[in-house]
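Below are two complexes that have chain A in common, paired first with chain B and then with chain C.
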Partner chain A sequence: MGLAIQGAPLPERIVELLPFGSGPLGTAIAALVGAAIVGTLMMTMTAVAGPWAKRKVTAAFTDRYAVNRLGPFGLFIIVADAVRLLSKELIVPDGVDRPAWDLAPVVLAASALLGFAVIPMGSGIHLADPEVGLVYVFAIASIASVGLVMAGYASNNKFSLLGGLRAVAQNLAYEIPLVLIAVSVVLFTGSLQMSEIVAAQAEPLVTLGAVSIPAWYAFVNPFAFVLFLIANLMEVGRNPFDIPEAPTEIVAGYQTEYSSVYFVLIYLGEFLHIFLGGAVIATLFLGGPAGPGPESIGLVWFLVKIWAVYLFTQWARSALPRLRIDQLIEVGWKGMLVLALANLVLTAVIVGVIA
Partner chain B sequence: MSLEEPDPRSRDVGETPEGTVDYDALEALLGETALDREEHVNATAFVVRPDEVQEALNALRDEAGFDYLSNVTAQEYADRYESIYHLKKYDDPTQEVGVVVPTVTDAPVSQTAEPVYRTADWHEREAYDLVGIEYDGHPDMRRILLPETWQGHPLGSDYNPEKPQVVPFREHANPLQPDSRGEGAESDTMFLNIGPHHPATHGVLHVKTVLDGEQIADVEPDIGYLHRCEEQMCQQSTYRHQIMPYPDRWDYVSAGILNEWAYARAAEDLADIDVPEYAQVIRTMSAELCRICSHMLALGTFALDVFGDFTAVFQYAFRDREVVQNILEELTGQRLMFNYLRLGGVAWDIPEPREDFFEMVRDFLDGLPEKTTEYHNLITSNEIFQVRCVDTGELPPETAKQYGATGPVARGSGVDIDLRRDDPYGYYEELDWDVVTEDGCDNYSRVLVRMREVEESAKIIEQCVDLLAEWPEDEREIQSNVPRTLKPDADAEVYRGVEAAKGELGIYMRSDGTDTPARFKIRSPCFCNLHTLREMTEGEYVPDLIASLGSLDIVLGEVDR
Partner chain C sequence: MSDPWIAVGALAFVGLAIPVSMIAVSSLLRPSVPEQGKRAVYESGEVPTGDTRIRFNIQYYMVALLFVVFDIETVLVFPWALIYSDAVAEFGLVRVLGPMLVFLVVLVIGLGWAWRNGAVRWIKSDRAEIKSQL
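Moving on to the complex of A and B:
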């Protein structure tokens, strides 16, 4: 019974708490409240990650201190940065393609935020659990590419245009391997439903005395895990794959012309995408919210896992050179795709033999 | 480790068995082209008619082996204009010869040297821009440093510096063509202004780029945004004291003492000043410290160009450079604009207590191998870095010579030239070190050359420190006796180069008997090295253009002067 409540999507439980009944109106309000909770949680994490954690982590890698003047560990820089960024002038360059240029940052941020709807975060925080949850995440996350092209094309700037085109090329190169690797996980679970995928990883893989290693797919199929990590780096556009932005080459790529609030939205979208990538990795390969201790602290474990993925992206960013766009396409189509297919066939054979 | 033919080549015309130049043989080679001979302090020069420049230069290049056009100086006399081509040999830069081309004051026109030496392209454009000599047959006779709309030639005698010249934005915008399709609406190429404000141009450089997709169809560096009239300022300053602070401001990224040495060497040759041996050792040590600083910065910014945002390598390079800067601050009292050399020596001795200073230097040297290993682990052995840098930005040795490339750029193309060894000055001859060359001719080789040169510099510094520590106390002479007002003989001319961090930094000076030079010309290594950019990047991708630009390690302060 406990598990059932734990697994129940968040809005259904909110319905019980709110005085609006379980009619259409009550369900809608509950869904909004649930979305607000998840959204706020993710935005807060982004606020910590963007102005503060990113600086601190990069500084640690590069032998510096970074922000340390405002508040404990410089944490209040988050407030200062928010005020600074939001109070800047929103410069609209001549000749931008207005609706598209304005919409692009919103599309970027929204596509990442929407993805969290189906992620089971533990402690009962799970907005929706459709049967096609995994497909939904990939589909929604890919909409970001549309946003990138809109931003690049509508900016009336050649550096933006190059960045937008690079973003599309990169997207095509990683998206297919990314999905194929995810499919290999689906072969194990036999379900696209996120809660099922998490539940399938709860079984112990091997038990060595008191220590029991769970059947997380990172342990079951480490090869797929590593491939997915790399493909995910491509998706979030961090070194060695930060090609669409490539500050030293094309200034800032698609985001060159954005300032103030739009700039914040674009950055928000980027960080949300990193966290969404972390959430998908945690769900598919790291047992979702699973971890030692009672199930009620599942959220803590889940956050630990996605922050670990975040740290990994920052590490790569500090230490690795950037590939060239043609080299990235080669890596994507000639390397990742082949390996992803091999992984898929191998998994299919193993699953077929066992089952 | 050189790409050049190792076989003992037959001696060039005009080369003696001892490896010096037989000017009589050269005069015979030039025959009637040579109208006259002039004796400059550094070499003999032949006077050539303005319409026979190419004939003379061709003979000197093909028959006499002068394959290196080091510098072109233009100047105006009361009765004539003069272009001087300073020729050297890559195999032996001590073999020099000048070609003096006088032209009339009324509409001076001289034949271009560009077909013989590609590097003359930019040199002659500069001569046209600043002095006003036109070069007949030049492929691109435009101003190079000043805006297209500038009136007059600032180093000419009839130039009025009092006349205000405002270049309005629409004139400045002129070179910044609209980012549009190249060559009309039907074209598939795209014109893109990279710079003057761009994260990777290492200063204010404007690269006019024509792109075919992401590939470079054509690039043209547009320079002059940082032109500060350095030559003119030196011409208005006295030899003895006032010029020395300026060289620090040419290549301002911590290569100061190397630059100062260029002026010191030229001026000391011009006025025949001796430098005490002890001062030479200090000069050698401090110059090599500067070289390490400069190469660290080059490494860090190159990593920035290839890696992306502010990365570990960049910060590590700056962290280690900081140690050297502290040493230099101890020695000179300054961190950037050292003003430490004096004609005939250095400003002051090693700071007391000397042991502490030597320990500081030795601590740095002891830690260096570990850091070098770290850099190699992080950078050169990284596979992605290799994929990015090997075989990109290729500069074949012959092309490098044609463009007058020197320094790590030339040595990364296998051209074995280093003035510290080939044209010795200071204390280098007495010390044990090697010239580094790499055969790759690509961005990777240039990075490797710089990293290995840091190790060689460390070797030199170590030996200098040992020498200085054991130098007898009563023989520590830091300056020779130099007259307070220095007036070299009238009409003495000298062209002298030293191996600065980026290559051959040369100074041409002509004295008119007063205490300020009548003409002061700077041969900037970055200026010549930057000229190779088009050769390196055509057909490559935008990221390779950025990497190649980074591997050239230009400092715009020195390019534009």
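Moving on to the complex of A and C:
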């Protein structure tokens, strides 16, 4: 049973380390400690990505240096920016809908973090492993749309309203293709449980001499992988799909009227969402925490994969022009949806013929 | 095996605690000088005109109806995909894939109908029609 304990969710292993036993109290404390570990990890990633990596990557694309004064590579800018942004005055505009306007940033940040509960991050960091893991991730990721509409409608600002309406249109357009592509992976795995999906990708696909290529679904079904990458860009709202914000058209969309800590929370939610998208891609298509070396360094490989997806979004952000909103609707409903359905049927035929 | 949803609930608690504590810290740090001009909503520096609570064209929201249809489709597809491999092994490809294909074709015909009627378009007006023909 050594392997089973290795794969056990994080709280169960914390129960054994803590002196509170496995009663209700011990279980609750262990779950909270596990959640705090996962939360801290993702907050750290976001802190590095938001104030520092984003600037550095954009600067590299536009041939500049960006932050380089504070600490090594300018890394201490993260602390400076956190203090700076939190100590800004919170300006409450006239006529905002108070409860909704205040709740929207919290909804955005909390929902993005909640999605990480079922992601297997390797090295035993896997908070929960319910049987409906995949559906849970998509359900949680969709809550962000509610936050965007709240922010857009409650701000009493025309730009915000336009941004909120655009966010709704965009979410309607990408959600179905995104889920249908994930279903095509489920056809292979026959399970929605995240640990099962990762385990199904552990087998070698082809062995060429000493090198064996694992059966990651990015290699098994590259068509679905590319479609999912595009749908994920739509989901996280980065170029060429950053239409709800569109700084050159509608100022900042739904976040126009937010300042101080609320601004930080909205940005936090966005970056967590990018990493959540990366985590779903890593789990569904890139073997989760799998990689060369012992199983205990799985977390390193997992972080490499989600950062790779993050860098991809930043690359797209710097390199691609934005679509118009009507073009996005066409891409979503006439392009992505049809391709996703075709992918689903093709995958079903292939899996059916092999099985 | 303890219930995984306990851990999910714990993360929900942490996920709420982090933003709330950030708001609390910020409220201790930040100044508050609510002057009149500051609180005007942003309209590119102009004096704000009119209300935001306006009526807007609901035409596009035909798409929302279409979305509900396809969303229910995904709910039906998930259990089908889950048992797909086992079912094919037991009942054969045609009996498992056939009904789902019929279901998907009906949906695609519906999508084609909406497509032709211009429901999956951002705006539908005479001006937009003329512009798209140019």
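What we mean here is this: the second predicted complex is superposed on the first by the 352 of 355 C-alpha atoms of A that agree within 3 Å, B and C clash if a C-alpha of one lies under 4 Å from a C-alpha of the other, contacts with A are read in each partner's own complex, and residues count from 1 in each chain.
Basically, a contact is a pair of C-beta atoms (placed from the backbone, for glycine too) under 8 Å apart; a residue touches a chain by one contact, two chains touch by 3 or more.
Keep in mind that what you see is a predicted model, and the values were worked out from it rather than measured.
Quick check on the superposed pair: does A:L341 touch chain B, chain C, both, or neither? Answer first, second, both or neither.
second
Using the touch criterion from the header, give the chain among chain B and chain C with more contacted residues in chain A.
Residues of chain A touched, chain B against chain C: more for C.
Of the partners chain B and chain C, which touch A:S87 in the superposed model: first, second, both, neither?
In the superposition, A:S87 contacts chain C only.
Tell me which partner A:F116 touches in the superposition: chain B (first), chain C (second), both or neither.
Once the two structures are laid over each other on A, A:F116 reaches chain C alone.
One more residue to check, A:V349. First (chain B), second (chain C), both or neither?
second
In the overlaid three-chain picture, which partner chain does A:E249 touch, first (chain B) or second (chain C), both, or neither?
So A:E249 only meets chain B here.
Just checking: does A:T62 make contact with chain B only, chain C only, both, or neither of them? Give me first, second, both or neither.
A:T62 sits against chain B, while chain C stays out of touch.
Between chain B (first) and chain C (second), which, if any, makes contact with A:S318: first, second, both or neither?
first
State whether A:E257 touches chain B only (first), chain C only (second), both chains, or neither.
Second partner only.
Using the touch definition from the top, say if A:L180 reaches chain B (first), chain C (second), both or neither.
Only chain C; A:L180 stays clear of chain B.
Share the list of chain A residues that count as touching for chain B in one structure and for chain C in the other.
In the superposed arrangement, which is not itself an observed complex, chain A uses residues 157-159, 251, 325-326 for both chain B and chain C.
Which residues, counting only chain A, touch chain B once they are in their complex?
Interface residues on chain A, with respect to chain B: 58, 61-64, 157-159, 162, 239-240, 242, 246-251, 317-327.
Inside the complex, what are the residues of chain B that reach chain A?
179, 190, 192, 198-200, 214, 303-312, 314-316, 319, 378, 382, 384-385, 387-388, 541-544, 546
Which of the residues in chain C end up touching chain A in this complex?
Spelled out, the residues of chain C in touch with chain A are 1-2, 4-16, 18-20, 22-23, 25-27, 29-34, 38-44, 52, 54, 56, 60, 63-64, 66-67, 70-71, 73-74, 77-78, 81-86, 88-89, 93, 96-97, 100-101, 104, 108, 111, 115, 120-123.
Contact residues on chain A for chain C in the complex?
Chain A residues touching chain C: 9-12, 15, 22, 27-28, 31-32, 34-36, 38-39, 43, 83, 86-95, 105-106, 109-111, 113-114, 116-118, 127-130, 135-136, 155-161, 165, 168-169, 172-173, 175-176, 179-180, 183-184, 186-187, 190-192, 251, 256-257, 260-261, 264-265, 268, 325-326, 329-330, 333-334, 337-338, 341, 344-345, 348-349, 351-353, 355.
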